[in-house]
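Right, I'll just put the structure down here and ask away after.
Think of it as A, B, C and D in the order they're written, each chain with its own count starting at 1.
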Amino acid sequence: MSDFFTEAVLIATVAGGIRLAVPLLLAALGETFGQRSGVLNLGVDGIMLLGAFTGYYTVLKTGNVWYGLLAGIAIGIVLGLASSLISVTLQAEQGISGIGVYLFGLGMSDLLFQRLVGTPVPITKFPKIDIPGLSDIPWLGGMFFSHSVVVYLAFLSVPVAMFIINKTNFGMNIRAVGENPEAADSLGVSVSRVRYATVTIGGTLAGAAGAALAIDLGIFQQNLTNAQGFIAIALVYFGAWRPLGVMAGALLYGFVNSLVLQFKTLGIIPQSWSDIAAMAPAIITILALVIVARRFRAPSALTKPFTRGT
Amino acid sequence: MADVPMLEMKGITKRFPGVLANDNVDFDLYAGEVHTLLGENGAGKSTLMKVLYGLYQADEGEMRLNGEPVTITSPTSAIEHNIGMIHQHFMLVDTLTVAENVALGLHSSRGALTDLDAVSEKIVDLGSQYGLEIDPAATVWQLAVGQKQRVEIIKALYREAQLLILDEPTAVLTPQEVDQLFETLNQMTADGRGLIFISHKLHEVLALSDRITVLRQGRVTGYTTTEGATRASLASMMVGRDVKLAPDKPEVETGSAALEITGLRVIGDRGNVVIDGLDLDVRRGEILGIAGVSGNGQRELAETIAGLRDAEAGSISIAGTDVTNGRPVDVRAAGLAYVPEGRMKDGSIGLFTVAENLLLIDHNSKEFLDAGLLNFDAIRTHSQTLVDEFAVKTPSLDTPVRSLSGGNIQKLILARELSGTPNVLIASQPTRGVDIGAAEYIHKRLVAQRSEDTAILVISEDLDEIFGLSDRIAVMYEGRIMGIVDTSITREEIGLMMAGVTREEAAAG
Amino acid sequence: GGDDETTETTVAAETTTTAEETTTTAGETTTTVEGETTTTAAETTTTAAAAEPIRIAIVAPSASNDLAFTQSIVDAVNVIEGEREVAEVAVTDGTFVVDDAAAAIRDYAASGFDLVIAHGSQYGGSLQEIAPDFPETTFAWGTAADTFGLSNVFAYEAASDEGGYVMGVLGAALTETGTIGIVGPVEVGDAKLYVDGYKAGAEANDSGVTVNINYTGSFSDVALASEAAQAHAAAGADIMTGTAQMVVGAVGVAADQGIPWFGTQANQTSLAPEIVVASQVYKWEIVLRQILDDMAAGTLGGSVYVIDLANEGLAIEYNDGFALSAEVKALGDQAIADIIAGAVEPTG
Amino acid sequence: MASLGSARRSSYLAYSVPVLSVLVALIIGAIMLVMLDASPAEGVKAMFDGAFGSGEALISTALKATPLLLVGVGITIAFRANVINIGGEGQMVAGGLLSTATALWLGDALPALIMVPLVLIAGIIGGAIWGSVPGALKAYYGVNEILSTIMLNIVAVQLMNFLLRGPMIDPGEIDRGTRIPQTERLPEAADLPLILGSDRLHIGPLIAILAAIAAYILLWRTPLGYRVRAVGQNPDASKYAGIPVKRTVTLALTMSGAMAGLAGAVLVFGSESHRMVTDGSTAGFTGSAGFNGIVAALFGGLHPLWTIPASFLFGGLLVGGNALQRAVQVPSALILALNGLVVIFVVSTDRYKKLLRERASAAETAAKLAEQENEDPVPAAVGAVEDGPPDRAGPASDDAGGEQGSGEQ
């Protein structure tokens, strides 16, 4: 255990937790928008996978990480619109249609990868940025201020999301539509337009999350996200539909994972127990859901399609 | 009145699958007047108004505003035409503040950002102008019913509605709140606004309206100005025959107390004390009416008796059996029948059929089981008997209850609850929102049950109903009984008691 | 076993002479051939090997381009395709569902493939049930060491501990911090063999070396593998290796931090040309050639083949781009020689 | 205006909607085949032959359909209680594990007549346990079941990995040092008996059909089923009527899990290998039946009996898809993508199916009323039912259970 309390290991644990949190955070923030407006999109992981492949492939072809991120975002927008069509216009059962999107993304990203790329080839990664001054602070600098640029972008999007949800008309509309779509509709707020927007934001951020993951790892592989999209959805509940809570959840999840890895590396957790240790994040999430559910109420219209006049 | 009506609806027809909800309806409204739409449940009043507000599109017919033909395709275009609507059910977002609810859908002076300060200011202004004081920063779920109604009106005023539709705005208000509302409404007509009013309460209609149009089965079947109209004349116009507004009550010998409540104390949903040291007895063969402004613990009282809510202290017994904090089944076993106030929420299952709903409390009963499986022959026979006996109008026993009218759903619930021989019957808001024909019938059944030696507790905010039915009246205020009076008390006195004034003070002042 | 021999040879003759019909009328063919003499078997097969193109099917759990487990067998079959008369190669990859794999194996056998390769240890239980139903089809099961006593099942495996050992020796020689990090998927089969071999080799070269092993618990979680590599780096590792398809993530981290990497299962130099020291490469074609020869000779199964350093089924391929000193390389060569000579046991 | 004829037409249309949507997904698949330079004609033929073209193909399809049907039946039960059970995957694993452990523990001592029912019951119990947890969490703590079941899927897979790599591993794997995470061959007495003289077709499909019939009887012929449906439609009214809402919600998810657990046991003891193996994922064991069973249930209109043919068709689709992959040599990823498309299309058109059915029932009611009207004018108060025909549970009223903890306050 004493091996654990060294500067290098502690920095790596915290920094690793932050890195692991990034795709979860981005995807979960996006999902927060959708859920706040009453739409549960279970297809996040499928969108992340296609975003990851698109981002990866673009960087492979252009060598430019920003084009890759943009491509991931673009595919996220397309899939977000498709998801809106499915859940808002066609009013498909939201608990299930997302599973279809997931399976589609899982298969399609792999199919495209096999046909267009074949064998994994490494790509350029996001540049790492040491924040001048801050990154030199002992301990903390390494933990918080020496990361790849998407890490900062992801965490910056938290206050942006808070601002949009709490301070803008659009955000007010989102909250209204998620609680009482009839009331919003009766005042001329277009429920479907708001939901299209939020689900598309969700798709966009999921696409970005996937691209960020692939470009940060510098590689693509079948099922790259490994069901992180589902974790992201759970984190939205964990965070009680609030960006700050979602961020806390993503960080907690990342840290637990990172900690387990460190413990295994240092032999603190024996290998034979690694499967049991791997349950930790899921079980912690369930416990957190119990606590959150007691305290906070989900948006009333969550998973309920809206039709005028009923 | 101006020469050109502010609204003309001509030949409006609206069909739903299998229903002709509006059939060639003509309707008009002049600035400065109140025009009431009257009709039984399902007559098509709300549908006509939803067509006007752009929530539905008419299949046929045309609309003119101030003489100009218009098509209104959405609430947005209705709002643009200065039409406002207070819906039958509150259209408020509970988790938003009053100011946010008002600001919803408006253009903000700060572009993409909200400008709640400006909105709040204007809310306060409008409030003082029309007697609609409200805290703009309050979150809506914290508001009392009457305050929510104010927010609804402020929403319309804020949007400068010249034509305001009020679909049963008084259904959930106390007499005092209704008076206050009417004051505001009169002020609005004085300002030159036109109001369309819908209500099942005839004295309100008479008090407020200038003209009255009656709908039946989607068609206009009657029209009158308020002058010269009486409750009886309106009732017969609606139903198509003469209606008895107050039930005949035979003399009944009252027996022992079948429902005894002592020292009851109950904590409400928000952790506050909602019933505080309440004592009450209801005797066999009497109807005890509970009058009170909603939110003073009536609902909690009924639910606690029925075993749906726990008592903190005190005891409840039914026909001598202690049922304090018993399970609902145990309370029923002791002889309680309960007609809850939310007939769609608590009293029935919308998508279940008539027969299935009639089975709700008896589905475990041996009578309907055969080797552990439901016996459909027995169930159908039983259901048909009840449907016939209680005159529930339904196309079949397999019709989902949701597609019945409110009055018929209420009759169905009553049929189910009275199918045993209850010691105690609680009827909560038994005729709220129910049309006159159905209400008349329900009152008749309650009185008949009184003759069967059942102890009946009627909870109602409708004083006509309380006075018409009760042998004794208990007035409830803030979780306590302010006093038990007989029906000789005046409306003014009881109104004061409902506001927390004791009997003695009320009689004095 | 005279009887056994007879049966085998007979079946082989049948396979070679009536390959086309076999697909549709396997049952009948078997009976007509029954009377044939064993003496002709040898001639028949030699001509057959030259004349009759063979059909090969692969059923494998991961993607055929995973730069790891599945790709190694697909590559090998491709090599064979260039050497021998192969009429058709069919691949069903990504078949992680054992029952789906069983269905595919059965289907390939039923549609007349001569050699069905079940490339996944988890398929063994199913193969045991299926193989007896198709006595004229050859099945190859890897990586495994058991043919269930069935005469039409070959098993093949890789002595991946040998290459692991060699690279462990190299790793221990290269480390300056004295700490080596290994990223594994789960502690099973081939992966475990490699990791154990590597650890043994490292410790044999330098008993003071610390070998940290991190099994992430997943064959597919690239992000976790990447973080595991970060964890190793934090714990002071300046040499790393890993096995299974998710290590691409770990290779990326090693590349970023300039930490020398050892690959296995396929040549991973393309993933990080600057830091890959060497890769242990599987050449299953060694096994396949033996199996095809056996089939040609009328033996449809029964043997277990191993690729190892001695038979050159395992090769240590160095990355020319990595400046490895001659002394260190000599240590590796010595280890190879020792293993081939039997002087050291890679996993003790 | 409305006639019984138009009612019938709407209702036929309603039944064709899911079939049409699958066809559309398949057409997209055919286009993708063209783009992959494979012959769609050959693909379609291979697909059909592989699924339905021969006795063996039908057997494969029936075997594939079995877990779909069992999970689908469970989904139906949960859905009727307004609970969406996304945890079929984990529940199958739990059922598989408990039944496997039972078989290992009992060994060869018992005859098949006792052994087979025992292991199946163990599977049911395993799944029930795994279903009861999210059920209770939803009922008593208001935890959204979609999330808790997804999380429990993750826990189940780790538990499976732990057990199959550790306590339950085949000792031979340890001896050989290969350590494949699988059990030894399970006792033969526990093998699901084969039927119809086949060497593959076991009693699994029969069990699943019986389970579907049992679920039908449970839901529409018993008081318990009545309670489940009542709670699903309106928890407030159910509570009012004295139905223990929380217990019923828990029970519904428990029963749903039990069905999935039974599916897990059938997978283990009906598998070719007669042992439990893990590749480290749930899908490796379940073949995603925990998800696809949901689609089969939807395909069957959330009615246990209609789920029987629906599962068979959907099983055929999956078996056919694999056959297609082998025949035209496209990556199996294509099949997965197509599977996703089928799910999307079936779910997305579900609403149109409902609308059409509503129209049919509204037209029928209107026609009936018109007859009555001649003698006795009934107030025109009969409209269509918004959430579909009464046999279809729609997430009930606004205040229905859900996140708010089943309204026990």
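Simple rule for what comes next: a contact is a pair of C-beta atoms (placed from the backbone, for glycine too) under 8 Å apart; a residue touches a chain by one contact, two chains touch by 3 or more.
Here the structure is a predicted model, which means the values were calculated and not measured.
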Greatest separation from chain D - chain, by CA centre: B
Chain pair with the higher count of C-beta pairs in contact (A-B, A-C): A-C
Closest chain to global C-alpha mean, per-chain Cα centroids: D
Centroid spacing, where centroids are CA-atom means, of chain C and chain D in whole angstrom: 38
Interchain centroid distance [CA atoms averaged], chain A/chain B, Å: 46
Centroid distance [mean C-alpha coordinates] between chain D and chain A, Å: 29
For chain B, residues that touch 2 or more chains besides their own: none
Where chain A touches two or more other chains at once, by residue number: 110, 114, 222, 272, 275, 278, 300
Per-residue multi-chain contacts in chain C, two or more chains: 63, 94, 186-187, 217-218, 220
Pairwise touch network: line, ring, star, complete, or other: other
Touching pairs among all chains present in the structure: A-B, A-C, A-D, B-D, C-D
Touching residues (chain side chain D, partner chain B) in the complex: 1-2, 217, 220-223, 226-227, 229-230, 233-234, 236-242, 358-359, 362-363, 365-366, 368-369, 372, 377-388, 390, 393-394, 396-397, 399, 409
Chain D-facing residues of chain C, complex: 61, 63, 90-100, 102-104, 106-108, 110, 121-122, 124-126, 128-130, 133, 144-146, 185-189, 192-193, 217-220
In the complex with chain C, residue positions of chain D that touch it: 50, 56, 60, 158, 161, 165, 176-182, 185, 199, 267, 271-275, 277-281, 283-287, 319, 322-323, 325-326, 329, 331-333, 336
Residues of chain A touching chain B in the complex: 167-173, 175-176, 179-180, 182-190, 300, 308-309
Footprint of chain A on chain B - complex, ascending: 50, 53, 55-56, 74-76, 79, 85, 87, 90-96, 100-101, 103-106, 108, 112-114, 155
